[in-house]
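Okay, here's the structure, questions in a sec.
Chain naming follows the written order as A, B and C, and within any one chain the residues start at number 1.
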Amino acid sequence: MEKNSSNMIPLAENSPNKQETVCIFGTGDFGRSLGYKMLQCGYSIVFGSRNAQTSSLIPKGAEVLSHGEAAHKADIIIVAIQRQHYNFLTELSDVLHGKVLVDVSNNLKINQYPESNAEYLAQLVPGAKVVKAFNTVSAWALQSGTLDASRQVFICGNDNKAKQMVMDIVRTLGLTPLDQGSLVAAKEIENYPLQLFPMWKFPIYLAIGLSVFFFFYCLIREVIYPYVYENKDVSFFIAITIPNRVCPIVALILLALVYLPGIIAAILQLHRGTKYSRFPDWLDKWMLCRKQLGLVALVFAFLHVLYTLVIPIRYYVRWRINVYVISQVKDNRTDPFYNTNGWISDSYVALGILGFFLFILLGITSLPSVSNSVNWREFRFVQSKLGYLTLILCTAHTLVYGGKRFLSPSMYKWYLPAAYMLSLIVPCFVLAIKFVLIFPCIDRPLTQIRQGWERNSKGSEQSHYNDSKSAV
Amino acid sequence: MEKNSSNMIPLAENSPNKQETVCIFGTGDFGRSLGYKMLQCGYSIVFGSRNAQTSSLIPKGAEVLSHGEAAHKADIIIVAIQRQHYNFLTELSDVLHGKVLVDVSNNLKINQYPESNAEYLAQLVPGAKVVKAFNTVSAWALQSGTLDASRQVFICGNDNKAKQMVMDIVRTLGLTPLDQGSLVAAKEIENYPLQLFPMWKFPIYLAIGLSVFFFFYCLIREVIYPYVYENKDVSFFIAITIPNRVCPIVALILLALVYLPGIIAAILQLHRGTKYSRFPDWLDKWMLCRKQLGLVALVFAFLHVLYTLVIPIRYYVRWRINVYVISQVKDNRTDPFYNTNGWISDSYVALGILGFFLFILLGITSLPSVSNSVNWREFRFVQSKLGYLTLILCTAHTLVYGGKRFLSPSMYKWYLPAAYMLSLIVPCFVLAIKFVLIFPCIDRPLTQIRQGWERNSKGSEQSHYNDSKSAV
Amino acid sequence: MEKNSSNMIPLAENSPNKQETVCIFGTGDFGRSLGYKMLQCGYSIVFGSRNAQTSSLIPKGAEVLSHGEAAHKADIIIVAIQRQHYNFLTELSDVLHGKVLVDVSNNLKINQYPESNAEYLAQLVPGAKVVKAFNTVSAWALQSGTLDASRQVFICGNDNKAKQMVMDIVRTLGLTPLDQGSLVAAKEIENYPLQLFPMWKFPIYLAIGLSVFFFFYCLIREVIYPYVYENKDVSFFIAITIPNRVCPIVALILLALVYLPGIIAAILQLHRGTKYSRFPDWLDKWMLCRKQLGLVALVFAFLHVLYTLVIPIRYYVRWRINVYVISQVKDNRTDPFYNTNGWISDSYVALGILGFFLFILLGITSLPSVSNSVNWREFRFVQSKLGYLTLILCTAHTLVYGGKRFLSPSMYKWYLPAAYMLSLIVPCFVLAIKFVLIFPCIDRPLTQIRQGWERNSKGSEQSHYNDSKSAV
């Protein structure tokens, strides 16, 4: 559906049946845009304004009256005014009594005021039914029709009927209303459009931190060390060689960190014998950002794949191969083929390919429209079972890559082990504990606990009702 | 929108207006989770329980009463009890008369009982209006707010008003209700969360079967044969070389099998002169899993691309090139460049790239959110027209790859033709028949038949009304 | 959710409560399919037909009556007849008075008739409440259950209640109703299913035009020139070498053209001092197809990546490297390693990889389900900030690729500069102007203008109300 232009939907000018009238306080940018859109969708619009004269900016077909007169004409009043100017509404409290007041305002900063704008409005006009809505919608998007970002309109309010009326308008405008409960939720809703990927912050900062650390680690081992000891300038390694060391390492560690909290949670639940005690806060937060952590890991894995695939077209690599062949010719020898090397080289690449493929699969299932079309069991199967398989393949990929080099002392420059060895610590730990957790003698009580059973519960209630949803 | 934590939506504690009261029978895991969520969304909750005492597990703000008292207080009663314990409900049939009973239960196995739990409930309490709902939602997901998997709540029931009431609750909880018709649909709905990718089973098994067959076929030709005749150990081919033979073959065959049923259907429809006779069952099933078949083919094509791109970084390949160059130097010759080989090599790669790109495009358009935003004509254009183009390009890619080798007898080891030759049979067959079917003299009657025209129809009705939807 | 087969949802045969009755005029393909589906979902169906006899094609459970009798039985009448046969409805205007008439018809061509079919119907039967709906749904898809394409049902009509009734039916059938306003919108809705990617036309034609131009440009420089002057036949360059020149060039130019209109708009807005004058039509259209333009650019970038990654497996490339090594051996020299070349080669590849990664990220955020789950600020951040970063990286990639070659006269064959130089013009221009526009002294007035402020506005209204949505 590509009907972006706002001109496409014709105005219902002489529509036969009486239309619902909506009043908008404020003729600023947002008020006008919303009014324009609502006119298009067949509403009658009356603007409430301090100087009741139609300006050229007011959408055609809308009336402009004084605030009081305008409010009289409609049951729903949309307050498209900044919070600082709300106080004049107290004078209108008689007219506004029993009416639905829709607060659309946003602030400049998160938690700018002690109470949300909508709650403040409700205090000012106690007789009105205040509903928070539309604050996540952009005036420009409404006007230009390019509503590519969120069409979700979060709604809250204490009066269910009033909410229902606002939700009907939202639906008619082609947007998706989402009921968020009572007016207490307004604070949350007002903060929402000011947020910039809040759930992504921790994963991204973590990834940057790890990247920086491993970048300098590799820089020391692979650029500074040869410079100091062999006086070799390989500073151009900074462009590809070192990023291609850092990316797989960060990807693997992040991937392991996706599955670590589930293990900690399991141990905690086993230890406590119940799932009803709250997890510590850090664990809760960690568990909630696993999706983002996993997707950041996927980004690094993707970059690793690209960096690896361009290896043969790099000037440096071609030159090295070149020198290698010529040196053989000069020495009049042909290096023999070692079967073991063939096996190692091919199998670590193959493991990497399969791991990357499953990684991508996890990424695709986390697209909202895909995850929404699978059932819970299928989602768990992909995310948990295939997710662990991904971790196993990627860890094996790194292990086989290490191959025989693990013990070679030449790998330890300035006593620093190769970076990939460090990257194996967390994944191996996660896999080892998980291996223990899937033993039946541990898995069975855990499953029971997760189905609501409690070790120290006395009530017979539990055992009688149990969980009616037996399948996980 | 990333508001996953359940703590974020505040409870409406002293909400001014009277809220709808919902009763939940059963204080097990699911009952409590649902109650907790509904409290958050502004409902009054009363639990019905055998021993009416609030335990610490009951969400704050909810009442716990005896079953009878609790049922009295609400019009909707959610039965969050296992089916085995339903029989006590018969005693309450007076209180439950006329009420809406929501069955949320699941079973452990598909088709565990002769009739669905919801129908069984309806038999036990004939006076109540039974609605099936919520069984696809996970208790844990409800509680933790991580509703990444399906937000779809399938609903069925014989009373439309009752269904409507339940659907309102579902929407308020931020989930998507899907009306599935009368209570007969409950069986289907109860089986749903127990399924694990049912439509994917056939395509995946088929792909595995084909892969195994071609794996051993290639193993014989490329590993065992040289071992037997030349005593050459190339067992490491198992890691990459042979998978990279198998993947493109399976991808191509599966892709052809996506378009084969459409051709069989067309021939059947032409033969029968009507589209209203049912297809044989196997054809019906095949046609319904074409999407999955196509996506599995895409997976194999994707793996083939990765396996191919890593070729130049394989130790074995580098060694072979190395040896080749040195041998030229030793023989003091420089192998000349053959223009034909340049053409063949470049054009089969180019065909492969274009085919793969279209393949990906097909994959992207089959993402639910994308396919939902194109109209029917556009979807058919991509899936049918571009799909055939993909098949043509991929077949041509394989044909050109074969190049001059087709007739070379050295290709037949133990009288076995190269595996890629076998892979060409189905696609060439499909393309040949499709070529015949698009001749106007065959296409015209087919189009008519698909628009509802019948060769042996007597009624004038047909010709008069025709299909009011003339555009396909 | 994969319940595609229509057999899966059982018919509610002896459903206890009275069901809503819907009448369908016309027993053609679409009427029957719709009737079948509605029966499944629990409606009572009565067909209105010229000869009121049940044929074998009529879905079981439906009645067939004369038009008048059928219309009597229902409040909603679905008119599944072709427009040419509408006139008989005038005779029934008494029976149809006050009823809801649903027009489902489509035409064969865009704008085939002066007025839409639905408006024509409304003129014929003035007493009825005409609603346009269902015309975007395919009869075959309804019947076979394979509703992969759009489930969106566009609805318009002058009577809100009538629309609501139709929307209820749509929802019950598992489809998504979208209210498009009054009956004037019917024309648009009727054209919709006849469209084939209308927003994509301009970007695709532009991309094809650019591709053809640069293809021949490169052909002259790289195939014809060596043929004429050196008598070298490199015609096989047509398969990969030249496409791999064309793809990155077109990708870069298209990417720059995505960000050019925003700059022109900004300059216009600054010049005019208001955002409320309409942009010229071409600019409006250009701005609305930026998404498509960007995605086409992504396609070309993707092809460029694939074409580049296959370089080392091309026969021609291998042969050239081969010859190069042998020539060194013959001359008894080993070409030294140039650090600068190492830097240039690695850094242009690294820039390309990062640019491509961001490109992909832009593509992923433009998937409907993803863009719908981010808020406006986040969407702008990705599309505008990261978008410009992509443009910078891709431009830098091309500049560094050029490296020292820019001034080398050997690059000018027949006075033609290398194609990549031409591709740099638009992106460098866009980046230069953007660089000027982000200076605070220019950015501040622009931001004010975009928030609704007007340079020549007299009203105090503006400054008072301002925009209540302060955050962009």
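As a working rule, a residue touches a chain if its C-beta (ideal position, glycine included) is under 8 Å from a C-beta of that chain, and two chains touch if they have at least 3 such contacts.
Protein identities per chain, from UniProt: A, B, C = STEAP4 metalloreductase.
Bear in mind the structure is a predicted one, so any value in this text is a computation, not a measurement.
Chain contact topology: the protein chains form a complete graph, every chain touching every other one. Residues touching across the chain A-chain B interface largely differ between the two copies, under half of the numbers being common to both.
Put simply, the C-alpha centre of chain A and that of chain B have 24 angstrom between them. Each of the following residues of chain C touches two or more other chains: 1-2, 150, 152, 192, 197, 309, 312, 325, 329, 367-370, 372-375.
Residue ranges of chain C in contact with chain B, taken from their complex: 1-5, 8-13, 15-17, 19-20, 26-32, 40-42, 49-51, 55-57, 79-83, 85, 104-108, 135-141, 144-146, 148-152, 171-172, 174, 192-197, 233, 235-237, 239-241, 243, 299, 302-303, 306-307, 309-310, 312-316, 318-319, 322-323, 325-326, 329, 367-370, 372-375. Within the complex formed with chain C, the residues of chain B that make contact are 1-2, 150, 152, 158-160, 178-185, 188, 192, 197-199, 276, 284, 287-288, 291, 305, 308-309, 311-312, 321, 324-325, 328-329, 334-335, 337, 339, 341-347, 349-350, 353-354, 356-357, 360, 366-381, 383, 450-452, 459-462, 464-472.
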